[in-house]
Amino acid sequence: MMGKVVGFGDFILRLSPPGYQRFLQATSFDVNYTGAEANVLVSLGLNGIETEFVSRLPSNAIADTAILSLKRFSVGTKFIARGGERIGTFYLERGASQRPSKVVYDRKHTAIAEAKRQDFDWKVIFYGADWFHFTGITPALGENLPEIVEDACIAAAAAGVKISCDLNYRATLWTEEKAQPVMKKLVQYVNVLIGNEEDAAKMLGIVPENTNVTAGELDFSSYASIAEQLSKQYHIEKVAFTLRESTSASENNWSALLYSDNNCYQSRKYRIQLVDRVGGGDSFSAGLVYALKKDWDPQTVIEYATAASCLKQTTEMDFNLSTEAEILNLAKGDKSGRIQR
Amino acid sequence: MMGKVVGFGDFILRLSPPGYQRFLQATSFDVNYTGAEANVLVSLGLNGIETEFVSRLPSNAIADTAILSLKRFSVGTKFIARGGERIGTFYLERGASQRPSKVVYDRKHTAIAEAKRQDFDWKVIFYGADWFHFTGITPALGENLPEIVEDACIAAAAAGVKISCDLNYRATLWTEEKAQPVMKKLVQYVNVLIGNEEDAAKMLGIVPENTNVTAGELDFSSYASIAEQLSKQYHIEKVAFTLRESTSASENNWSALLYSDNNCYQSRKYRIQLVDRVGGGDSFSAGLVYALKKDWDPQTVIEYATAASCLKQTTEMDFNLSTEAEILNLAKGDKSGRIQR
Amino acid sequence: MMGKVVGFGDFILRLSPPGYQRFLQATSFDVNYTGAEANVLVSLGLNGIETEFVSRLPSNAIADTAILSLKRFSVGTKFIARGGERIGTFYLERGASQRPSKVVYDRKHTAIAEAKRQDFDWKVIFYGADWFHFTGITPALGENLPEIVEDACIAAAAAGVKISCDLNYRATLWTEEKAQPVMKKLVQYVNVLIGNEEDAAKMLGIVPENTNVTAGELDFSSYASIAEQLSKQYHIEKVAFTLRESTSASENNWSALLYSDNNCYQSRKYRIQLVDRVGGGDSFSAGLVYALKKDWDPQTVIEYATAASCLKQTTEMDFNLSTEAEILNLAKGDKSGRIQR
Amino acid sequence: MMGKVVGFGDFILRLSPPGYQRFLQATSFDVNYTGAEANVLVSLGLNGIETEFVSRLPSNAIADTAILSLKRFSVGTKFIARGGERIGTFYLERGASQRPSKVVYDRKHTAIAEAKRQDFDWKVIFYGADWFHFTGITPALGENLPEIVEDACIAAAAAGVKISCDLNYRATLWTEEKAQPVMKKLVQYVNVLIGNEEDAAKMLGIVPENTNVTAGELDFSSYASIAEQLSKQYHIEKVAFTLRESTSASENNWSALLYSDNNCYQSRKYRIQLVDRVGGGDSFSAGLVYALKKDWDPQTVIEYATAASCLKQTTEMDFNLSTEAEILNLAKGDKSGRIQR
Amino acid sequence: MMGKVVGFGDFILRLSPPGYQRFLQATSFDVNYTGAEANVLVSLGLNGIETEFVSRLPSNAIADTAILSLKRFSVGTKFIARGGERIGTFYLERGASQRPSKVVYDRKHTAIAEAKRQDFDWKVIFYGADWFHFTGITPALGENLPEIVEDACIAAAAAGVKISCDLNYRATLWTEEKAQPVMKKLVQYVNVLIGNEEDAAKMLGIVPENTNVTAGELDFSSYASIAEQLSKQYHIEKVAFTLRESTSASENNWSALLYSDNNCYQSRKYRIQLVDRVGGGDSFSAGLVYALKKDWDPQTVIEYATAASCLKQTTEMDFNLSTEAEILNLAKGDKSGRIQR
Amino acid sequence: MMGKVVGFGDFILRLSPPGYQRFLQATSFDVNYTGAEANVLVSLGLNGIETEFVSRLPSNAIADTAILSLKRFSVGTKFIARGGERIGTFYLERGASQRPSKVVYDRKHTAIAEAKRQDFDWKVIFYGADWFHFTGITPALGENLPEIVEDACIAAAAAGVKISCDLNYRATLWTEEKAQPVMKKLVQYVNVLIGNEEDAAKMLGIVPENTNVTAGELDFSSYASIAEQLSKQYHIEKVAFTLRESTSASENNWSALLYSDNNCYQSRKYRIQLVDRVGGGDSFSAGLVYALKKDWDPQTVIEYATAASCLKQTTEMDFNLSTEAEILNLAKGDKSGRIQR
């Protein structure tokens, strides 16, 4: 499967106080251009997969800069519609120990939020593609977005393009009530469904038993059962969950599972000393898509995706800058962190 | 005149690449909370004048930080209405030599843009005040703003509060066609009118003769004549103009004039090696209001305001952090820049 | 209890090499204005309590800057006497793992060290106040300071103002022999006494049994017993201790106890991945004062103060910038550190 | 002329102390990937011209990073041969006023210095190209380089591709004696020859009269005459010279001339407050190639190239990040540096 | 033993992205001059031991800067031969958690690599010395280096100077096949042999049993046995090993053993939260040499060396800036990391 | 004259907000260890002159760091007495254009201020020396200092050591009334007297005619006449004056004159775009001492000293890091600032 991967979503500025400064202390913000789907494409582009990012961004120097940040990683940008008022932003204060990270969103009225169906000619976009990735953030961005995402799914399906979706519930963008009908419809087109320990409940109404996400311990078997339910209910080939055990803002346990062909494959669990956990889920999706395109066996697939996303969380900013060689080294078991001279 | 000065306007984030970096190079932005009227109040608050800033800002941690940046300089914040979606931002790339500074605005849909007349109880606000300052930016911010500014002017006038207005034309917020009827109406309430070399033409349709603002030479007598016309036509006590001769993005000539009681007073002209020219006009307004409240003679008034704004432009960020003593030292003629041990 | 909180003490510059640099490596110092009592007021001011800081600072631009750093958090500064030679400084090198943090003090001959009794009109100062806070640092600062602090205590008591004292022994300022007679006298005025695991012994001569503060394990019952002794011996309403178990310069255990009405309440114990532990005790005092003013029950009080000081230690610099909402969230048990979007 | 522009040369790290620090003071170096030909392609790529960079770089993570810095600006990198020991570096200390900038080169034994003729298949490389650019640095880099550059010229000529050459004499790479025979041979293939005020003498042995490059005044007519001689002697269509008058390390005069069709066109002269003068010549070459590809008239061509390189020198680092619109704005005469809102 | 310590080796630039940035993210590199033997001398010089560093460096401003960095710590530099083409560099990306640190070397063709025997007059150099230290890196640097190191050893032995050698295998400089004959010869001159958990196998062909260095658990008795074998086989007085258990790139266990007079002394084991682990081995060697020169007992010696190298790893950059007092404090057991006021 | 140069004075921390930040904006201070006499020795040490710095500094880690900053430049530190309470500090805010630089001193109660005569054994100190340098700052530092400086002068004279003195009046340390009797006495021992445009008047009561130092124009002949008077009145061999014309805080004119053997030699005048003007006078003294020790002719001496101090003012921080070669290049007339590759 050597075709192009298409992603569709927003692309925004992340503005973060340096180090562990709080908003009240910052005299500068580190800036990072980010978006759930774009982050996936960057990981793929860096590792030699052809990619194309579809979005809508305004015609100004900040959006130009954002676009160049994608080109650097060989992500195609020619289907980014230009127009609209603004590029979204959000402010991220990094937590530590018992102090949680904090996000202030400012992503309404963005160019993509005001996109129209005719902004995107999906037939042309999917030419040469064999994979389409989107997340549950995209349909939440604006009035026309559910319809536009469905257009994309229909065109992808018609072109024989595989569809992956990371559920990615964002309470600041919509409510569960608004999200569920949209997502239940879109999920029907999906071949590979990805979620974290909260998404299935919020987006599709399927609740894990015996689990309290703030308590720092997750029960694998509950998630395996949810994955199976989702796979059966929506006829989805593969369902993957990341499982984060948050014991503090500085250290997390991280593992994942993959439900595929009636089996559930469980990854190693990593105890991560976090550098920057944002983008962890996106790097998992990227690892999953990459490994599935390579036709690796399911256990290798889930180990690769988990190792990829573990490495992301030890890396500053939202892009996962790890190479296949680095990810495989970890996926195969060397987590000693010894210097590589 | 020892009463409180009230200002009304927006308060937003300025995000600037450090030093002379272009947007394309920035991995961080210096952050600075700013607003034309707030900047005036900060200068006054720092020098012991009681002030009160009226605005509308959302309820989030970034707006909280913005408000604390005002408190630091003793600017009153209790009449800032909280609500709405977002705090505005703009991106500023600092120019050098022949390369101009560049601004990308993102200040639509802000909390103040969606303000309603009932958000502000002007009678209460003006209690204890003797001065009201606003700029031509405020009525440009949203649908209801012209009306709200007029409410404020009427209340101020009723309370015997002096009104100063800095015309401050911003082409990115409205057109001359939209601006002129609004401003012509509001100017009727104004006691002290302030503008730069372009404002009178753009805001009130009065064009200076013999002047090309990009050519680097301005003709004083033209501006004196415009000031006189404005004073007579709108029955304004005092009209002041700042006159910037831009010979490059690194060095400018800066001077000003004050039309008062049928006379025109001209300040010294400074050749400024610019550190940060943004906020130059605001610091001039602050100097003018401060000097007028002190009841100094007109020549001292215009020298003080010009020296204040000269010093601002040798200072990073939008606030003028100069003290009365520093400003007077320059206004009285010591521009040697010798170390003060 | 909605009255004003008055604090009295020094306010100095903290100069710290960035990150984990040693003094020998620093080409710059991060600067932070700090003082044990001022830090308490900042926490209170940020959370809406009216405060007034009493001190003495020289008339120069650095002291002016220090004062504005307090205004930003709504701390009243009108009773800060101006005069004297210098503002104090200290140098702080941040430790890591087995390498301890290191402090070089330069806080002699400061303005407050040379203060005179007549610099402070306590009757005026306590007008409208219902709480007075000082620490054991203040009487150690200069010859007249024990007397001045006693003046303040007498005036506070006369005005029905509650008095809290954080013992805060500093071996670089005085010896145990010098400290004990002073503190034993002052403690008689105190309603709420605060200390850490070493203070009671050093300041008041009461030694815990079975405890070695460098061994990383503390015995609660010993401290409970000391608290009870202190309460009985000096007729103090409430005695609180913070208990730090230093296992390394990077991670500490942190908990506290409150003796009140013949009962001893013990807080949760936090394992903190330290960002900046300086100011931990001050934020505890602030949390305690805040919670006591709210008339919460003793268990809530001690949980609140402990959570507040836990959050401080995950925050850069000496001020605790946490809000009531953030502190309560932790105090109620969510220590997962998950991102708050 | 919408074909691809090919460049061939080295690509190295520039390591510079921040700001005006001297080497002895630096605890960090700003890093910038640069090369004379690559810089030209970046300017073209940023403005929509298709480009391809040919070079040889080692297989390591630093060279990977260098390559990504080109992709960001749409510069093609697929003909960069990978192999060899090292990527070159140089250290640049920025001068100020009377203190000159200082360069320490470390660019021997680089991958390209050890390139072999068979590393480059010029026929394939020039497929779809209509322009080839190289500088006098490339043949100086290693033993085989003169031959490889000639291979490229022959292939380019055979494919009807225009050839531009920037003479760019570097005394640290070779001597005039070594350079002249090589360059005299290569120049015979060249259609557009570019040089600065010293190059013609050093590289081709043609000396301007009446000029002392360190004295800060250059004589246009001498350079016009040299351009004419070069054009006639080597049958070169167009010859362009940049003329730098160095009055200090902080301010230079900058202008240029173009000899074309028996006429000599002279540009405006700019007084530049320098931000970073390195890369000035490369940005001139890029402007020239861009303007010639647009088929603009000779005066516009030389004004465009001069304005482009003026703007570069007001920009940090070696890449010229100016857009066509920005360059034209200056080329047409607005050098006021006024803020563009 | 109060004589001078001589070290012989290379001295190069370490270029590291700040914090946890990856190479791909760095816009600057922190710079640090380093070399295995020089690092040892810096530790000694800082603590009052007379030292002399022997090396070869080019005549340029970067090498001058490197040399001054040694003078600062009282390291003698008068026997550094000047000449050759370049000073070496390497790029270091700091790892975190499961992501390993990464090194890209660029240290071929350096001045020392091209040194000749006649560059060093060992008889003069060892005048007044009583100790010579080198590492296994030095003979790997260039063709003549094994012979030059042997010259030094012969001269040292002749002058009654003790010789210590840190095996320090570097796979990027030579292969085990090339290294073993060289090192087996040089080791015969050595009085004190130092290695880490991999060196003995790679350099001298002696493999520990039952140990997997990437698994995070080391078996002391195996290393004791190797030390004994080495001591006996090569007639070496003292053999010391550092033992690193890498559980992640952020936390390691660190201990050491010393074989001396038929006994094996084992140090405390430290769990280190790593700040910068590079230079850990060098600081161990320095601690060992220092303690042996002080004639302390073997257990104190190994505790001192281990504590010294523990502290280094909590310190930024390659130099160990710890003083004897700081090291002894830890060596004696206070690892609480409490603030030292 | 190849003997050692001894300097005697204070050594303190300079704390400066980065760039053009005002004190009110600084969240960090750049740190720089400095002292008028030490600065002179650093310039000499860097250029191969043996030097010894005599002072008194406390026993703490900050003073240790200060001392190492001198060792780096080969300045001898073995006669620095250790003891006393504190190392001095001062805060420096860098001016720009019309905004002057601002200094806040905190240098009372320092170790040297409390020095006693017995702290310094001048006979031992001057062993091997042929030059002694001090400034008018040293006797102003404390009660015993005038006597100690006179001790040094007497010992120097007895040992045949030349004495240079830079008058360096500091109004924050003493008054003209206090200074004049002290300095008039000390000047009698001086062979080479150095001053700036204000010093002679303030320190020795000799006023230049026709000059206003804040007006930006100085009259050479007045200063020549003062130099002659001083030389004659106090039997001083050589008198040198630096002449600063401050037209702004960003640009100054800088020149100097030397009165020697009844002639007055005038240097070139430089228009300096200032980077950091502090330390300009010290670097002039260093250049003068250096050139006089080389026995160059008077015109070369004054050109060298002036060029040295011109270069200092284009360099960050107080040390002049220029080499003889760099200074001679400028002294001989190349002020073009062209890149030196």
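When the chains are written out, they are named A, B, C, D, E and F in that same order, and each has its own residue count from 1.
Heads up, the rule we're going with is that contacts are C-beta pairs under 8 Å (C-beta built on N, C-alpha and C of every residue); 3 or more make two chains touch, one makes a residue touch a chain.
Remember, predicted model here, so these are calculated numbers, not experimental data.
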Study note, to complete from the structure: Relative to chain E, largest Cα-centroid distance belongs to chain B
Check your understanding: Taking all residue numbers at the chain A to chain E contact, is the shared part over half or under half, that is, same or different?
Key -> different
Revision key, fill the gap. Larger contact count among C-E and B-C belongs to C-E
Check your understanding: In angstrom, rounded to a whole number, how far apart do the mean CA points of chain A and chain F lie?
Key -> 62
Review point. Using CA atom averages as chain centres, what separation in Å is found between chain A and chain D?
Key: 42
Exercise for review: Report the inter-chain centroid distance for chain C and chain F in whole angstrom, where each centroid is the mean of the CA atoms.
Suggested key: 44
Practice item. Mind pulling the residue numbers of chain C that touch at least two other chains? Key: 19, 24-25, 27, 68, 102
Review point. Chain C touches which residues of chain A in the complex?
Key: 19-22, 24-25, 95-103, 105, 170-172, 213-216, 246-251, 277-278
Practice item. Going by the contact rule at the top, pick out the chain B residues touching chain F in the complex. Key: 19, 270-275, 307, 310-311, 313-317, 321-322, 326, 330, 334-341
Revision key, fill the gap. Per the touch rule above, chain B residues touching chain A in the complex are 15, 18, 23-24, 26-31, 60-62, 64-65, 68, 85-87, 89, 91, 93, 102, 104, 106, 108-109
Study note, to complete from the structure: Per the touch rule above, chain B residues touching chain C in the complex are 68-69, 71-74
